[in-house]
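My questions will all concern the structure given below.
Here the chain labels run A, B, C and D in written order, and each chain numbers its own residues starting at 1.
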Amino acid sequence: MEILLVEFVPGIHLHLRLDALGALLAATAAVLWVLVAPSPGNGRRYATFLGLTFMLTLGVAFAGNLLTLLVFYELLSLAAWPLVVHDESEEALAAGRHYLAYVLTGGTILLLAIAFVTLSVGPAPFGTPVDLPPVGFVLLLAGFSVKAALVPVHGWVPRAHPVAPAPISALLSGLMVATGSFGMIRVFQLGAPTPVALLTTVAALTVITGGLVAIRTDNLKRRLAWSTISQMAYVPLALAVLDVEALAGGILHIIHHAFMKGGLFLCAGLLLHQLGVRRVSQMTGVAHRMPWTMGTFTLLSLGMIGIPPLSGFVTKWVIGTGMAQAGAWLSLAVLLTGALLAALYLMPIVHTAWFGARAEGPRADPSARTLIPVLAAAALTVLLGIGAALPGFPLQVARLAASGFGG
Amino acid sequence: MTPHWLPVLIAIPIAGGVLAPVFSRRTASVWGLGVLAATLGVALGLTGLLADGVISYPMGGWPVPFGIELRFDVLSAFATAVALISALAIWFSSGSQGRVTSPEGIAVLLLCAGGMVGFLLAADYFTLFVFLEILSISAYGMVAMSDERGAGIAAFRYLLMGAAASIVILLSVGLLYTLTGSLNMGDVRLRLPDGGLPLYLALGGFTAGFLLKAAAFPLHVWLPDAHATAPSAVSAILSGLVVKMGVIGLLRTPGLDQLHELLLWIGAASLLGGALFALVQDDLKRLLAYSTVSNIGLIVLGLALHRTGATIHILNHAVVKAALFLAAGAFIHRAGSRALEGIGRSMPVTTAAFAVGAMAVIGIPPTAGFTGKWLVTLGALHAGRPVFAVILLLSSLILALCYARFLVALAFRPARADIREAPVRMLVPILLLVALSLVLGLVGGRLAEFVGF
Amino acid sequence: MKGRLAAAFATGVSIPMIAAMAALPRHGSPDQPIHTHVARHYIEQAPESANLVTQVLLDYRGMDTFGEVVVIFAALVAVLVLRARGERPLPAPSPSPIVGFIVRLVTPFFALFAFHVILTGHEAPGGGLQGAAILGGLVLMNGIVFGPERARAFLPTRALPWLQGAGPLAFLAAGILGGITTGFALGYPAHLPVLHEAMLVGVELGIGIGGAVIFSRLYLAMEA
Amino acid sequence: MSPLLENLDYVATTILFCIGLWTLIADSNLIKKVMGLNIMETAVFAFIVTSGMIEGGDAPITGPGAELPFMSPIPHALVLTGIVVAVSTTAVALALLLRVHREHGTLDIDELRGRW
């Protein structure tokens, strides 16, 4: 079902189209915004731009051709900027400048790429696969990789997350980076003319460097940011395998990762808010003071690492089987090392929090009401993990979306 | 039925200007608005008639090569933007005590609008020159309307370079007359020899003259001082409309296609030069002035690569840059001085309008600036010259960072006390222009068919 | 240093220009396009006694002259609007008796000659603008010799804003009249010779008086 | 005759034009720059008027005693308008200079450059 709105550029319409892939992203965005929204007292500007970013993410999800995708993609980058610099501290503004420089450059590369594509194949709606010009294909991937935070152009993620308010970091990791990967999936939906060895290597590099740096980072939010870089690189990794099952796993990973990482950032936010804890080194024995928060943090961490029956395991399992089917053993190895690295940078946090010297002081868990979003995220992780195979669950819809791919 | 509306379209603003000194200070602005509203009405009517072909009108009844002919073609439809933006500029400054709203000030504004309308309609090279002079002299006067110390010298530099450009253009008109014996544009094109030194000299004269009037890169040195020291409402007219006349003059030059290579490099130089200079400015109006130089570069580049895109950008940039200058005027009016640190917080509507305007001038997709940028990029790739597409995108990226840096200083710094939102008479023109820039962004496709070079 | 650089630039510019000028059709040859195209038509159609230049100025290319009159008006309002604030004291000149006497003597004849030039412009050499220049010069002469106050005395105060626009307004009237009688704006009706003559003289008069007032006000704006 | 000599009139006006251009650029006194501009304008008007000349031609005024061939009247009309344009530009330029002189006290471009 699609609608051709106004012809805003000669020959190309503002094209909205509903398909399985778009629906999945939209659903994830809706749920995540609900988890994130109820943060109190951040002022009118925060609320307006939060709503605006949600609308634009829906736009990205339902874009029907490359140029419409670019329209919402660029606006989303700009609309997220005031949220990133919400604290207006000098450090936040500097991070904002970095964010804008990276993201606008990505947008510019995309514009050039789409010009190339439009020149040779016309408006390129997503429904019909088309043979993309190689230059256009490479530039498109380069453009999307800026927001998907692949290694050479990931600089804005570790700077923006610690500065942004916790709910925004949850959104940034959960969905902003996801729109980059989502864009890449759309490109692959159109066609994959050239060999994707380059994409595999870059994705593998990102997974490994992301994991390694995360292990050594002490600032909690920055560590989670590096974890996002490493985890979200699974999607291009799965894409490059050109196998329908791996692709379905990649799509699924966007969704599950969004909830898990969103929950983790919210926990980090609660830790900061209640105890002023910013660094992992300050978290020794903190679980005894905030058992509920740390409990969900632990559960979410296990999910991230991929322990069955949680949702993290499901995505890694589906991607793994896809890679095995396609015989991409190298990618499979990278996938597993990624999971190992996740364990190496998340488990120490859980260990120090629970088994470290008991931190004295009264119970500092936030009120039940503020805990709901975090608990919901944890519940989702469990639910999606256990019920993965049930009909109507994201896995089945992801498989449906992946099946329609030409690639 | 002979289209009498053409001479009427020119007569209304000029007669309005001539009669403006008769009015008092209070009623002069109202008179100005009335005159420009009438001009807008006639221009819109004629644009409607344009659907079934170009409208031509022989003045005095003399058949074409023997008398002066007025033609209303796609480029002349820009007269609607001239009337609209001039009217909004007058509405913006009505009620202020400056020289702009004095009877003589309104007269100068109306004559400038009349000169521009005449320039757009003239199909005769000498009439083109005469109306170019009317709008130029009014523009020199408009720059000097501000009480700032530097306004006099800025206006004088603008006059000196503008007059030199006009003289070179007149020399070229004389050369064309010597070569062809006639002055009517169509007739001259038919009778021009296809080569020879005099033709190249005439062509060179036209190009150099109009490039200077359009403030393309090497010849843009007069623009930043002039547009920065002029009152904001005047800068909106100067940057939005007067500068475009230079480009439209280029489009009227016979044999423009022989200058393909020159236009490419001058366009690229203006694009990049304007953006780089904008990077080092700390005063808002100088930033906007250099951004105009950059966008003129985009239009000149477009003349060589994608003429429809360039023509559309002439209109889009006029609307967007006028909105930005008016918003700057509102900021300066409320802040009392050029230091605009942190006043955005207590002027949310103006800041939002400025932000959307900035997005439009950079060319973020749904807004007006995007259509031109997109089409010229396509043109560059189609012509197999991707380097110009890269220059174009790079300079709009640099401009994006300039505007972002300014928006941060405006809206994210600690607020200043006793700053109120801009008055309604300033807000309505700004919001109208910003809304128009969004609409223009969405009807890019339809606009391209209408222009259809 | 700048002088030499400018000289080098100017000579640099002059070389291609001179080469192009040399390549133009031979100067003065009767068969060059100037004489064989539009101009030949004007000369053949010319009535037996007429100043062709004024005919071209008003009839064939009336729009240019309309533009020209608007240009001088635009210059006036631009000068009025950009004047620096603050009045300068008027230096009261003390004319030597001889100069004063001659100027007072000559003034009326000047005016008479100016109006002659204006009114016979369409048959004999002369025309609206030339007359305006003479009249303006007359006012300036008095202003310079007897001080700006005397020059201001020449100009009516109440009707001034109307009078200074006389040029363009006369053209607008001629345009409308021409539109009505000949179906095209600024067309002079050949079939109504009396109206034709009246319009020509009317426009010339408008340009003459309007121009003179503008020249005087320009002088006064700079002087006072 | 070489074309240079035949079109000597045009060449002369071009030389005058370049002298005006030189004055416009080289001189540091603003009034001299305006004078340079006027020289350039006069040169262009001279060029346009001489282009209308015809050998043995008479002034384009028909009447008793005037016979063909006539000079082309159009250049004369163009130059009349051009002169008024030149006068207007110069008037505005001088008015601006009055204001600059009152505000800055000097009309020398080098002194001014440092000032504003």
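By our rule, contacts are C-beta pairs under 8 Å (C-beta built on N, C-alpha and C of every residue); 3 or more make two chains touch, one makes a residue touch a chain.
Not measured: the values here are computed from a predicted model.
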item	value
Partner chains shared by chain A and chain C (touch criterion as defined above)	B
Chain closest to the assembly centre - both centres taken as Cα means	B
Centre-of-Cα separation between chain B and chain A, whole angstrom	45
Cα-centroid distance, chain B relative to chain D, in whole angstrom	28
Centre-to-centre distance between chain D and chain A (centres being mean Cα positions), rounded to whole Å	70
Chain B-chain C separation of Cα centroids, rounded to whole Å	30
Residue list for chain C, restricted to those that touch at least two other chains	17, 21, 23-24, 34-35, 38-39, 42, 61, 64, 67-68, 71, 74-75, 78-79, 82, 84
Residues within chain B bordering two or more other chains	126, 130, 133, 137, 140-141, 144, 152, 155, 177-178, 183
Residue numbers of chain D (touch at least two other chains)	17, 21, 51, 74-75, 78, 81, 85, 88-89, 92, 96, 99, 103
Pairwise touch network: line, ring, star, complete, or other	other
Contacting chain pairs - touch in the sense defined above	A-B, B-C, B-D, C-D
Residues of chain D defined as touching chain C within the complex	3-4, 6-11, 13-15, 17-19, 21-22, 25-26, 28, 50-55, 57, 59-64, 68-70, 72-78, 80-81, 84-85, 87-89, 91-92, 94-96, 98-99, 102-103
In the complex, chain C residues that touch chain B	16-17, 19-21, 23-25, 32-39, 41-42, 59-64, 67-68, 70-71, 73-75, 77-82, 84-85, 161-162, 164-165, 168-169, 172, 175, 178-179, 182-188
List of chain A residues in touch with chain B within their complex	6-14, 67, 70-71, 74-75, 78, 81, 85, 88, 93, 96-97, 100-101, 104-105, 108, 111-112, 115-116, 118-119
Residue ranges of chain C in contact with chain D within the complex	2-3, 6-7, 9-11, 13-14, 17-18, 21-24, 26-30, 34-35, 38-39, 42-43, 46-53, 55-57, 61, 64-65, 67-69, 71-72, 74-76, 78-79, 82-84, 86, 123-125, 127, 129, 218, 221-222
Interfacial residue positions of chain D with respect to chain B in the complex	17, 21, 24, 30, 33-34, 37, 40-41, 44, 47-48, 51, 74-75, 78, 81-82, 85, 88-89, 92-93, 96-97, 99-100, 103-104, 112, 116
